Every structure is written in structure tokens, then in C-alpha cells.
Amino acid sequence: MNKLGIVKRNILRADRAAVERLGHFGVATVHEAMGRVGLMKPYMRPIYCGARLSGTAVTVLLHPGDNWMMHVAAEQIQSGDIVVAALSADSCDGFFGDLLATSFMARGATALVIDAGVRDVKELTAMGFPVWSKGISAKGTIKATLGSVNIPVVCAGALVNPGDVIVADDDGVVVVPAEWAQKTAEAAEAREANEGEKRAKLAAGVLGLDMYKMREPLERAGLRYID
Amino acid sequence: MNKLGIVKRNILRADRAAVERLGHFGVATVHEAMGRVGLMKPYMRPIYCGARLSGTAVTVLLHPGDNWMMHVAAEQIQSGDIVVAALSADSCDGFFGDLLATSFMARGATALVIDAGVRDVKELTAMGFPVWSKGISAKGTIKATLGSVNIPVVCAGALVNPGDVIVADDDGVVVVPAEWAQKTAEAAEAREANEGEKRAKLAAGVLGLDMYKMREPLERAGLRYID
Amino acid sequence: MNKLGIVKRNILRADRAAVERLGHFGVATVHEAMGRVGLMKPYMRPIYCGARLSGTAVTVLLHPGDNWMMHVAAEQIQSGDIVVAALSADSCDGFFGDLLATSFMARGATALVIDAGVRDVKELTAMGFPVWSKGISAKGTIKATLGSVNIPVVCAGALVNPGDVIVADDDGVVVVPAEWAQKTAEAAEAREANEGEKRAKLAAGVLGLDMYKMREPLERAGLRYID
Amino acid sequence: MNKLGIVKRNILRADRAAVERLGHFGVATVHEAMGRVGLMKPYMRPIYCGARLSGTAVTVLLHPGDNWMMHVAAEQIQSGDIVVAALSADSCDGFFGDLLATSFMARGATALVIDAGVRDVKELTAMGFPVWSKGISAKGTIKATLGSVNIPVVCAGALVNPGDVIVADDDGVVVVPAEWAQKTAEAAEAREANEGEKRAKLAAGVLGLDMYKMREPLERAGLRYID
Amino acid sequence: MNKLGIVKRNILRADRAAVERLGHFGVATVHEAMGRVGLMKPYMRPIYCGARLSGTAVTVLLHPGDNWMMHVAAEQIQSGDIVVAALSADSCDGFFGDLLATSFMARGATALVIDAGVRDVKELTAMGFPVWSKGISAKGTIKATLGSVNIPVVCAGALVNPGDVIVADDDGVVVVPAEWAQKTAEAAEAREANEGEKRAKLAAGVLGLDMYKMREPLERAGLRYID
Amino acid sequence: MNKLGIVKRNILRADRAAVERLGHFGVATVHEAMGRVGLMKPYMRPIYCGARLSGTAVTVLLHPGDNWMMHVAAEQIQSGDIVVAALSADSCDGFFGDLLATSFMARGATALVIDAGVRDVKELTAMGFPVWSKGISAKGTIKATLGSVNIPVVCAGALVNPGDVIVADDDGVVVVPAEWAQKTAEAAEAREANEGEKRAKLAAGVLGLDMYKMREPLERAGLRYID
């Protein structure tokens, strides 16, 4: 019954090409393309601004104050993975610092998404290893309790299965189920193509009211203009 | 009775010259000059640092999860306006992104102040369109419910009437009632003039204790020095 | 009985050399070297990124909405001090701005750590005066109530005695009791020396699992690998 | 320009009969009857459960840590008033306790609504004096700074003019502008009458889907039933 | 790809007998019996104290400000169900009041668990319909957007599949996957049996140090007693 | 250097008579009598209302997710003690439940004050064992890391030395240093005596404005009455 103390070695990662395509879009676009689901809570913030990337999830479930499983997770990382760390209860301690980042990078990870705190952010920024976290804290952790690696986890309110696509930027983090990767990439592309034209019109002074033909529905809804 | 579903087209904007003068001061200075009222809650943060500006308020009242009225507001924008978006109940979804920003900029708006979330912050930053918001979220909104444009609103704890002056910088956002613009600008100028001299003295090592003649009142209040 | 209204003039500052040695390490390293105590709450954030420094604490106890004691504290500052401001109850008003910063810098202070808000952050950033605070707010304060200077205070959850060492960086703020300064610096140096080697191994792809010999204890704890 | 330091003695209170009628309804009903505006933030909680009442607002603007104006407000209370205390900046100190409650009750006030903390809640509960507040704190306040009485204030996100109707119960607090009192009471009565019938149907097992004729619009919106 | 706009009619509910057995235990006991997973965030609080119950989950995914799907969910309720409402983004509006409660009760639901706000809590308390929620708010919702019913949802940080067992009391809410219900009930019974004996010993003054044989491991870990 | 892993057996408890006298007063009164220091943060809330008591502190320092030291603390409890549990970093897990409460009660403890979560609140309420905590959570803890017992700790923002007096009621928790117990009790008695007369006057309709002779200072401060 217990799902703690398990490491799943072989996981099915989302299609590499689809993952890469998704990395060209912002989180907001991907989230819209999926139908407005899969977003992590907005308290997940990048430790530095400007990063935008995608990768496949290696998941890890940690307990408050204990980062033992991060070392177990490191071994399961393949090139292009993003480690997604969930907690069994709220904690903002610093579960991750520059040593673990060195190890994760050496294994091919491109980022960490963690529903807890991180530390050594000055060093992580210098290393160019992006982290989306709930907070920053110098408080270290112990290595005493088993969690699990590559099981389904809930991270910052979003369900993440190992192998799912993670897309992250300054707007936050979104999870694309592996089996939706292809279609979501297509939908995002269609959406983006469409947006270029809209942007040009709006820049030229056309109003959304006209471009989206909102005047009539607004009037029907009862909008009144007064002077 | 209902104040929803109304768009006021003709609003009295604060005197342009006074608005510009106020833009030379920081929010803290303007707030002091007004007698310490009119400040928005400190959770209102800029999406990027360093901006400092003033403008006249075009107000909009939105409902959680619904940004329909932002498009209605766009049409009411004049050059030099700042859109001030209030919510009828707390929400941190992303009500505003790069498309709306393109439209607002084309209409002449210089900033957005919103008691909710925004998205596309990487793009907004690149566009140089400053936003003060409660948070950042990729979660989009629908277009189904009427709110109002250019009615008095409470935004982040501050009452804003359409046409009021908004001053914003890294310290936050302050609202100057249109009819106070002139006097507040004068008071801010007087305050600032005064501060230059003080700054020079303090930089030279003079203590505030002496400059402000605090030693005697402190002693009277019972301050004791011990070794 | 009352500990309000007192200014202690002669305080025993931590050994200058030890303070300087501690300034070479990050907060996380110092915190570990001390045995994981003395950390301020993680809500204490720098107003700008990248600063890392150490200094000796001049403490001040303030009441909500009142910064009178900051001027009293200014006189007690010596070169290399960091002012640590605690509050008798929660407040996020702006107790400190560019004028006080000018005065503190002139007196030799290198930073401010305050369990409340600050303002003029654009100016403070330009001046290069680092502040770790609970928040940013343009709301000013009055000068009406006595607090104390150089008494033991609880700042952001940490006990600070005047003269203690404060180390601060992007990870937060840690307090090293003056009498531990020497030993903590030594422990931090030992720790850091040790980390260089570890970092190299991890960068070369060695796993923490092997480097820290975790495989056997993990197995003993019941970790199971599945495919 | 300054609106601090003012006490308005003659205020226009909402029609007494309308105020009483509004007191028969819950906050949710009144809020709906007004068109979903005027609600205070949901962090406003009663110090004890079960109270439901209405009254006319005597407003007071306080500064953090200072309750001097509460005594000034006491003199302006008339029978059936509810004191509404707003803060110029966030504070959760205890601005109100059993002595002030004794005075307010003696003057005819029936409740306090305060965007800050209260204390002596055990005594206030025993006295049967209901308070809706942001929190509970034993931290007292000083009497040093002027605020104002009976000016328009923003309390917990809602604009309150002196004389407006306040309705409060376990769901929170809603503000009905004095000039809307009559119409809102009528709308609330109509709403309530209507609800009795609905309640009976629902209790008998009729579904809202059928009662509100939602099946067709749901289908049109694309709802799919699967097995 | 889209999982919005779906209602699953036939769901596999956890074994009735196991659900009932689980209802005899507190949330803490069930959580321990499951191996410390499945707990909702501690911000989920009952609207009144003292309730303790179990039931099978009918899940519903709502959007901020929109409770349309609650009516769709009502039709799917069977006797002994607990409705579990998740949100696609944070909202604390009042999605549920006494009318919906009347309908849910008539359909056989025994409670509501909602990651948002509720209203009419005075009435809900009088009706004896327990609700665990994130907050209380009189702010109503609209009926404009499709969500889904009986899909897997993340509610207050916990994954809930339709048919899972929900156990709730003053400590919070825990989710037991349907397939674990039997074994968890057994484990909880074993645990509880065991606790009676422990309780008697502790009540008699026996120390946990001795009862759990902790003295030796504590000494080994380095615990030192000083006078 | 390390202050972890220590249990101090002989502590100097505050004078028993003074502790008892302090127990007759509310937290607000004691806090005032001490000069407005020593208050724990207002997030510390009782698990049930109405309790008011005093006792001597047995302190314990815990790490997030680990309650091992609670068992060590139990042995140090003497009749009339209140256990004060501090955390080395924020955590809201349930560190304490009915078994530990049984043990603490058997040892003579009258309450627990903990800067973290508790569980089994239904049982604790039935047992009549009052707890002031930061929250409620069913999430259990492990027993793996050493903390300390009877060292000075910072609990919810207040410094507590073993043997200090703890006074707690619905308003929160205040700490009276052991050496101040006597004088604080006297000051509280004087204050309370004084309050009876004031209460009678206010109940008779006398205004604080007159009773405290505030009219003249208010006028001097510039208060203006308008009609």
C-alpha cells in the first residue's frame, strides 16, 4: 500500500521533439493551449528572471526538513530532465544548494522545480542553473527519511507524472502530460501564429472591442455608456 | 442602484502640468506631501525595478477570473493615462498580458496598476510597459461578466476616482486626488528642496539627533543612556 | 523592570578579524557551521541582489509606526556595524529611507537588517546601501515613542545581542553570537575547504549516493528500486 | 488638502427603518441584492459566532499603533451605530478592548468593525459586544497621532461613508450606501421570498439543473456525459 | 486532450463497509495508517467544530468565480458521498451556500470539501451540514464556464479520484484511495488498539522515553544532560 | 559552541505565588503591566476558547518535522509547568497529539505553547488540555534529530527562558521573565484595580475624552470639529 521508499528507474519520457517545441513558448501560451489546466500555484517563482525552458520531469517526493531523496533522484536524471520536487507537507527550508546543482547539471538536468525553499541562490545564479521554488532559505535539511522517486506527485497544486513535460518561465510553471505533448505543441503553435496578426493590429490602434467583435455582446449584456 | 455595467466616457483628468511635476518625485515623497494618505497596500509590486512615473487614472472594476472590461477600458485611454484595475473580490489570475499591453500602449497608456495578477512578464519587460500588480500568474481569464469603467474604485486598499493622479515607483503606488494635484506637487517640491540640505548635513556626519533637535524631547520622554 | 527607553553605549563587539573572515562565506555555510541555529526567518529579503557581507550588530527596538529610535541608534554606530532593527509588534511600514541611509553610511554602517518595511529603495540601491527587510512600503512613521538601543532583541525570529556578528546575502540573514565568531569562522573554513573537493567530484559525474556512501543506509531503510 | 484631524459631527444616517429591515438578512443575501459590490475582504472575522446585525456607520481613520481617535469617535456615536475603523496602513495590534467597548455600548453602539486587531475577546464575548476584525492581539496602542472621524474611509477593501448601512454576520461584513438602503432592503426581501420556494423544491430532491433550466445551456456550452 | 466539460456518471466507489470503518478514526490516525500521505493542506478548516465523518468522493473541478458545475455535480451524488470541489486557480469566493446544501443533503451527500470559500455558514451550521473549506466569503459566483465532474482533481494539495474515501474532522481532511480503503481501515484499527494501552501507561506517569525505549538511541545521538 | 543536544535538568522557576497571581489577569493586562514587551505573535491561537492560565516554562527546541525532543521534555515537567516548544525553522506539522498530552498531563503540565501545528484537537479539547499553536495539522513527525530542552528559545517571536512565566488566554500568549514575575503581578493588580473605576464611569456614559482629559491635547494637536 505504501508508496514511500520506491524508486522507479524506467519512466516513459514525453517525445523529445515535442518537448523542444514546447520550450519555444511561454508558460501562458502553453497553459492556454492545454485548456487552462496544469498550472502550478503562482507562488512558484524563479530565483532569477529571464529563463524560459522545457524538459521532462523526474519526480521526487520529500518530507519536510529532509532532502535525502534528492541524491537518489540525481541518479535517475537523464539529459534534458527537469527535477520536480514535491513535499508531503509544507516546508520552506533550503532543500537544494550549489553542490546538488553541480551534481544535477553533471547528470544533464536543466532545471529544478521545488515546492519548498532553495539556498545558495547567488551561486546558482552564477552557475546559470534555474530554479523555480516557493522561497529562499539558508536552512539546511537532514537525510533520515525515505521518500520516493518517479512516482506521481502533487507539486504546488499540480499533478506531475514522471516523464511529463515541464515548461517554465517568469510567469511560472506548467505541466503538460506526456501524452498531450504533441497536441499541445501544435495548439501552442497555432495560437502563437494567430497572435502575431492580432498584435500588429492592436499596435496599429485597432481596439480589441472591434477585433474580437465584442461591442454587440457587451451591449446585449447591458453595458451602458454615459457621459 | 447598480453601479456595474457602466462606462463613463468623459472624465475630468488632473491638470497635466501638475501630473508631470508629481512624476519627478518618488512615491514616498508624494505620500508625505499629501499627509500620509492615499497609499496602496505594499503588496503592489512592479514587475521590473527602476520605473518611476505619474499619470491620470482610467479606472476599471473587474470580477475574479474575468477581464472583459479591460478591452472596454482600452477605448477610454488617452495619452498619459494609467489604467487602474480593481477587483470585486480577491484574485491573482493573470488578467493582463502582452496583447493587451500592445493595445494599451497604442492608445497612449503608460502603465497598468492592477490589484490582481499579470502574465507575459518577460514580454512586458522587453516592451518596457511597467505594471504594478499583486502577483504574477499565467492563469488566463474569461470574458463573460460586466464590470465598469471610470467609476470610483478601491484598488489595493486605496480609493481611486477616474482622473486622479497615480504616482508609482519601486516603493509602490500612491493616489493623488485630481483636485489635490497642484498643491501636492508644490508640497513635494518644498519637501524635496528641504531634503537636499538635510542630506548634505547627514552625509557630513551631522546626526539627526542634532539636526532635528531631538535630544531634549528624547530626554523629556525618559530616554536613559547607560554604559 | 522596563527595558524600554534605554541606550547602551558601550557594547562588546565581536572580534573584528573573525567578523571579516565570516564575511567570506555565504549565509548557508555559516548557518551550517554553527549547527543550524541563528537564522532569521526567510521572509527577510535583500532590496537588491548580489550583496554578501558581515558586520557587528547595533540593535534597536522600535514600535509599529515609529522610527524615532533609528536616530538614536545612528549615534551608536561605529565603522563596520550593521544596524539590526526589531519591532515590538508586526508592521511593514517604511521605517527607513535614503536620508537615514545617508546618516548611517556617514557613521560607518554597512547595512541595515529590519523586521519591517523600508522605502526609497531605488535611491538605496543607487547608493549601494544594502538592506534586508520584511517588505517595501512608502508609508512613513512618526517619532513619538521610546524604544531602546543596544539591548537584546528578537529580529525576524532570531535573538540578536548587540555586538553579535550578522552575515547576510541573497539567502537571508544569520546571527553569530559574538563569543562564537572565531569558532564559527573556523568551522566555516573547514566546511568550505571540504566542499571544493566534493564539488569537483560531483561536477565530474560522481553521485552523492556514492560520494556520501548512502546506498547502504538507504537500502537498510527499505528503499526499493523498481522498473 | 489634509483630511486628517477632522471630526464631522453631523452626518446623514441611512433611514432607520431600512437599516432594520436589512438586519433581517444575511450578508450574502444583502450582497447579492446590491449587485455583488460593497463586501469587505473575507479576512474580516467575528470574534464569536452567531451574531447578525445591521447599523449605521460612524467611521474613524486610525494610524498603525495609535487608537487615540477611538475616544474621539465615541462621542459621535448615536444609538444603533456601528463604529467602522479603518487604518492608514496595515496593523494587527489590539486597538480595542473591554474598556472602549463599555464606552461604546454606553453610547449606543451595537458593534465594531475594525481593519486591525482587538483584545480582551473573552470579556467582549461575555459582554455580548460583537466585533468583526482582522485579528486578535493583546498588543496595545498609544495615543499620539491625529486621524479623523466621520470621513469616507476604505475599510478592509470597502469604501464606507459615514451614515452608510453596515450588515454583518458569520459570513463577513457588507456596506450598503445610505442612499441604497431602501432599495437594497426591497431587493433582499424579494430575493428571500423567492428563495423559500427554491429551498422547498431542492429539499424535495428537485435538481438545480432542472429548477434553473441549466441542462440546455450546459449542453450548448459543450458539456459531455460519459460512463 | 481537454479534460474540461466532462461528467463521468459511473464511478467506482470505495467499499462501503471500509468507508464506514474509516469513519470511526480521526484524520491523524488514518493518515498515519496510510504511511503519511494523502493529507490536504492544513488551511482546510471545518466551518464548525466537532464533526468527524467519512464518505466517498464525488469530485468537481471549478473555475474561479464560477460554481456552475456544483449543480451538475448534485445530480451525480449518491447516499454517503462527500463532494470534493477543486479549483483551477486560487479563489476564496463563496461557491456554496444553504440552497446548494439543501440540494446536496436531499441527494444524500454528507459533507462538502472545497478548496475555496463558502457562505451562509450560520445556516449551514444550523442545518448540520459540515463543510471543510479554505475560507468563508459572502461573495457569490456566476454560472458561465464549464468545469468537470468526477475526474481526478487536486484539492488543497491532495490528489482525489472519484470514489476515493474522504475522512474529515477538526484536524483536517485526508484522502484514502479507494483501493487502499480496506487495508487502511485495518491498519487504523491495529494502530488504535495499540494506542489504548499506550495511553493508559502514559496516564499512569510512564514516560515515552521508557515506553518507546528512546533513552539509548538519544544517548547514542549525543544527547547530554546538564544541571 | 553547539547548543543542540542539551537537556538542562535544574532550572530556576519563577516564584510560584507570583505565577498564580499573574494567572488571574488577562494577557492584555499583563502585557501592559510589563511595558508592552514579551508578547508572542498574534498567530498563536488557542485550540478552544475560554481558557486563561499561567505557568512556568519548560522550553524545548524542535526541528521541522521532528518531535523527538517532546518526549525528552516530558521528563523535565513539574506540576504547574507549561511546555513552550520553539522550532528551528517554520513548520506547521502536527508535533503534538492526545498521547503526548496524556503524558504531559500526567507529569503535571497545564498547557502547551507551540510555534507549529498540533493534531487530535477534538480529543485535546475533550481532555481539557489547552494548547496555543500556530495551526492545526494531522501531519505527524519523525524522531530522528536532536534538539534541546530548557535552553533559551525564541517562540513565535518572543524570547523564553526556562522558568519564565507564561500567561495565555484567548488574546494570545505573553512571556514574563522569571525575575519580573513579582513586580509584574503587582503592576497588573494596580492596573486592574484602576480599571474597575474607569469601567464604571464609562458604563455610566462618561467619555474617555473627559475621563482621560484628552480634549485639550487633541485641540493642541490640531483636531478640528466640523458640521
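Read from first to last, the chains carry the letters A, B, C, D, E and F; within each, the first residue is number 1.
By definition in this document, contacts are C-beta pairs under 8 Å (C-beta built on N, C-alpha and C of every residue); 3 or more make two chains touch, one makes a residue touch a chain.
Just so it is clear, the structure is predicted and the values come from calculations on it, not from any experiment.
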Graph distance between subunit A and subunit D, where chains that touch are linked: 2
Centre-to-centre distance between subunit F and subunit D (centres being mean Cα positions), rounded to whole Å: 31
Whole-Å gap separating subunit C and subunit F, where each centre is the average of the chain's CA atoms: 27
Distance from subunit F to subunit A - Cα centre to Cα centre, in angstrom: 42
Sequence positions of subunit E contacting 2 or more other chains: 36, 39, 42, 63, 88-90, 92, 137, 139
All pairs of touching chains, each written as two labels joined by a dash: A-B, A-C, A-E, A-F, B-C, B-D, B-E, C-D, C-F, D-E, D-F, E-F
Of all residues in subunit B, those that touch subunit C in their complex: 26-28, 31-32, 36, 39, 42, 45, 49-50, 52, 169-172, 174, 195, 198-199, 202-205, 207-209, 212, 214, 218, 221-227
For the subunit F and subunit A complex, residues of the former touching the latter: 63-66, 88-93, 137, 139, 142, 144-145
Partner subunit D, residues of subunit B touching it in the complex: 1-4, 34-37, 39, 41-42, 63, 88-90, 152, 154, 157-159, 180, 183-184, 187
Contact footprint of subunit D on subunit E as seen in their complex: 5-10, 48, 68, 70-72, 74-75, 92, 94, 97-100, 102-103, 105-107, 117, 119-123, 125, 135-140, 143, 146
